[in-house]
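Pasting the structures here.
First subunit A sits with subunit B, and in the next complex the same chain sits with subunit C.
Coming up: the complex of A and B.
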């Protein structure tokens, strides 16, 4: 199993069950976890902490919260990889992606995963990006 | 036989059979929607209604048995009007976005509306709005396009014995969904995609990776490499008007080059490599007392099926990666280095008849240090889409051959595309490995054909080996239950998730009949019969790969690159 002891991960998601599950799994991989359930708290943590990687939900108290968090993250910590974890397509029918350079120019995430995920998918992206 | 009268003409029928069967045999066309050949009638859609003299109402011909002297009118004004109304009602709550639908031009509902001349919105219904499920790496579900015919549910349950989807809710609330209506991604779905081929509308489709592939092709930094599976070249032509059973390997390779792929390799090469590894593993298990019967591991739908439903048989599964993943591994971890290319700049695309291959490529076992062995998987259908989109004229395309060193293949690797092909290739090589001689006759007819299960005892030198070939997961379940109940006469079992094998995979053309699948199978065996190199162990490029890099089958390097282990599935996070 991959070992990320000493690495920290910032998680922002308003689904507390998901957050709890992710924290449980990520701790097993050795991560220190920092979590928030709102965009507002997420922004504060971006300013106050220096995580090695971040995972953001898209739709929080604002529907585009995840995009804002990605931008803020890349501005504050330009080299830190960011993963968007979202059910936006199921909720709205809209599809976003990070496939083309054009898309990546405004969706400031290094990867997007559609909910619900299997944890192994997230782990794979984390291994790829770290 | 009994006689019935159809549209004034006498037609023979078997006692007890359904009217529809007699009609089909007599060449009388009655439209169907929910009907699936060889499964019991469900009578769900009523589109096949006919008038039977003396009956007050119309009867569904799929679910109404014939009787001597019965007088049937298939296209009376009343029957046609009923069919029109059924289609109009289905359309009443169907999204009107045909132009944007993946099945535009290939939709059964659209076809019926046209056939029946539906030109007005006589019924204006509430449109059902359901969540689009894009979570699975293989299959996209759009329940708002579902017409509740139940074909996907029945194929998943009755043919594949998976049961990942079923009807949820009652009456107007009824829909097709997974357990707890969670995403397909976290369900017991094995990604085989047979539901896609069963779906008459765009409610089920493959998750497409065309954009990823096109983005890589346009990126000057990337070296884009394609591999194509054995079943694709004998199928792709059908999507361009070529008769089923035509192999267009050369033209397809030419088209891939025109699309901009820098290198094109043939997955049949790694099918040969798989045979070298898998046969060695089988011999090792038989001689060394390993877990038997050994089960093949080339079909990713089948692998997930065991992980989900029969984890106690995981030790029996061959540790060999599938040919797709072996190719992915040797491309990035051998070939790239030889070519002096940074593996991170290689974008590896595989063209597969399969939707489960998309899931397989994404598995955490299939890569190293965050570098995936295969980056994107396109189905046969998606490749055809890209070819059309880029305006390539297949009739005028220049034929070409695959690149070295992974372009050379034996016909043993090529017949992997049909159920029984892996077994036949393995028996050829096992015979050679154990006796030092080739089989007198390389063709093994008992292992061929579209039957769901074939069994044989094969004599290899002094050893008698019990083998079974199974396709369709329902058939696999039956055999696994026999093994669980103590059956001990089998040494090696080939399982393909899809009925008929890869030629009938979930990524293959939609809406074809069995004769097309037979044609594809015949094409593979014709290639084999006329092949110059018919055994995997004779593939000089495979032998060179062992000489220059891998060492020997089951050696250290092979284990690192070509083998893996699977585990029972537990879902914690959704």
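Coming up: the complex of A and C.
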């Protein structure tokens, strides 16, 4: 099993159960976890902490909260990898991907995973990015 | 949509004087459109002296209406109708013929003409025909845009529903992932939490699916209604007693005014129960410890007013404004841990509509929320229509 002892991860998702599950699994990999359930708390943690990697949900109290968090993260910690979790995009009207360079340039995430995610998927992305 | 639609008319006639005459009649002609979306149609007019010229004009800027002379030099009016039909253009054509025989009319109709006018065309005949054509066109467009809007709304509904169903699946799958690994050595506290939360999320899904079915059943008119003489007080009292169980756990006082019935009403009892249960469960869920819920029923002639007021967390004006929309729940710090499908008030709104009624909300953050429902008292038993 990969060992991330001493690394810290910032998680922002409004689904408290998903968060609980992820925190449990990430701790087993050795991560220190910092979590928030709202965009506002997420922004505060971006300013106050220096995580090694961050995972944001796209839809929080605003439809596009995840984009904002990604931008803020990249401005504050340009080198820190960011993973964005997305739900269905139809209801937000936001259709996007990170396949083309143009799309990557405005979505400030290093990877995107479509919800519902399985932990192995997330772990794979984390191992790739760290 | 009470605005002016401009419809383009192309007049095709080889006689310049006739073209000018028709233009004069139609230039300032206005058709008023009756109905809910009362608006008006005006006309923008172009000319062509031959079929060839007309086809070119149609290619450049397709008209909505074509006033077509039957007898043209070169290509005839009927030939032209065929070409337009073959190109699949949505143009309504009125054929104008000096020999307006039954045969001409039949031939024209076969080729897709909307109407046939006999030459010489009197101004009032022309305007009456154009009025008919314009109305037809606009109703056709409105029906089309309504159908498209319905499709869009249904797509959006299904997308959000999918999202709302995926969220609990993701949460439960996450918990199962933990249990799958027998070596994860979770403590019994975590084990209990995983089971309890997984079941809670599954219950939430069940509620969402049931609400969704209720909603579509009401909307499609498939729900069987049983309208009969009932005592509204008795319905309210029963629902209040049920709500008192959850309310009691949170130290909430629930009151009902008046304190005795009967309040006769012709209604479907189960529908009224849905109204009360919905409003009561919201008033309890979004309340604060030790708060209160006040239910009042005020009969007033042909109308009955039901009011449910709570002393809860309240809503910001923008949240209150969208609270009757499908899947819309006030989403903030205070409501995050309160479960709900986001469909309860959508269902309520549709039921209230069955009674020619309306529902409104007044709310102040941290002070409370009051829902007011007006119902028409005499309701004729008829199948559900949303």
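Quick note on the criterion: the second predicted complex is superposed on the first by the 123 of 130 C-alpha atoms of A that agree within 3 Å, B and C clash if a C-alpha of one lies under 4 Å from a C-alpha of the other, contacts with A are read in each partner's own complex, and residues count from 1 in each chain.
Everything below uses one rule, namely that contacts are C-beta pairs under 8 Å (C-beta built on N, C-alpha and C of every residue); 3 or more make two chains touch, one makes a residue touch a chain.
If you're wondering where the values come from, they're calculated on a predicted model, not measured in any experiment.
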First (subunit B), second (subunit C), both or neither touched by A:38: second
Subunit B versus subunit C as contact partner of A:55, first or second or both or neither: neither
Partner chain in contact with A:10 - subunit B first, subunit C second, else both or neither: neither
Comparing the two partners subunit B and subunit C, which touches a greater set of residues in subunit A: B
Subunit B versus subunit C as contact partner of A:84, first or second or both or neither: neither
Touched partner set for A:111, first subunit B, second subunit C, both or neither: neither
Which of subunit B and subunit C A:128 touches, first, second, both or neither: first
Set of subunit A residues, in rising order, touched by both subunit B and subunit C: 18, 21-22, 24-25, 90-91, 115-119
Subunit C contact footprint on subunit A (complex, rising order): 14-18, 20-22, 24-25, 28, 37-38, 61, 87-88, 90-91, 115-119
Complex interface listing, subunit C residues touching subunit A: 155-156, 159-160, 162-163, 166-175, 177-178, 184, 186, 190, 193, 197-198, 201, 331-333, 336-337
Subunit B partner contacts - residues on subunit A that touch it in the complex: 18, 21-22, 24-25, 89-91, 93, 95, 97, 99-101, 114-124, 127-130
Partner subunit A, residues of subunit B touching it in the complex: 131-135, 137, 182-183, 185-186, 211-212, 215, 362-364, 367, 369-372, 571-574
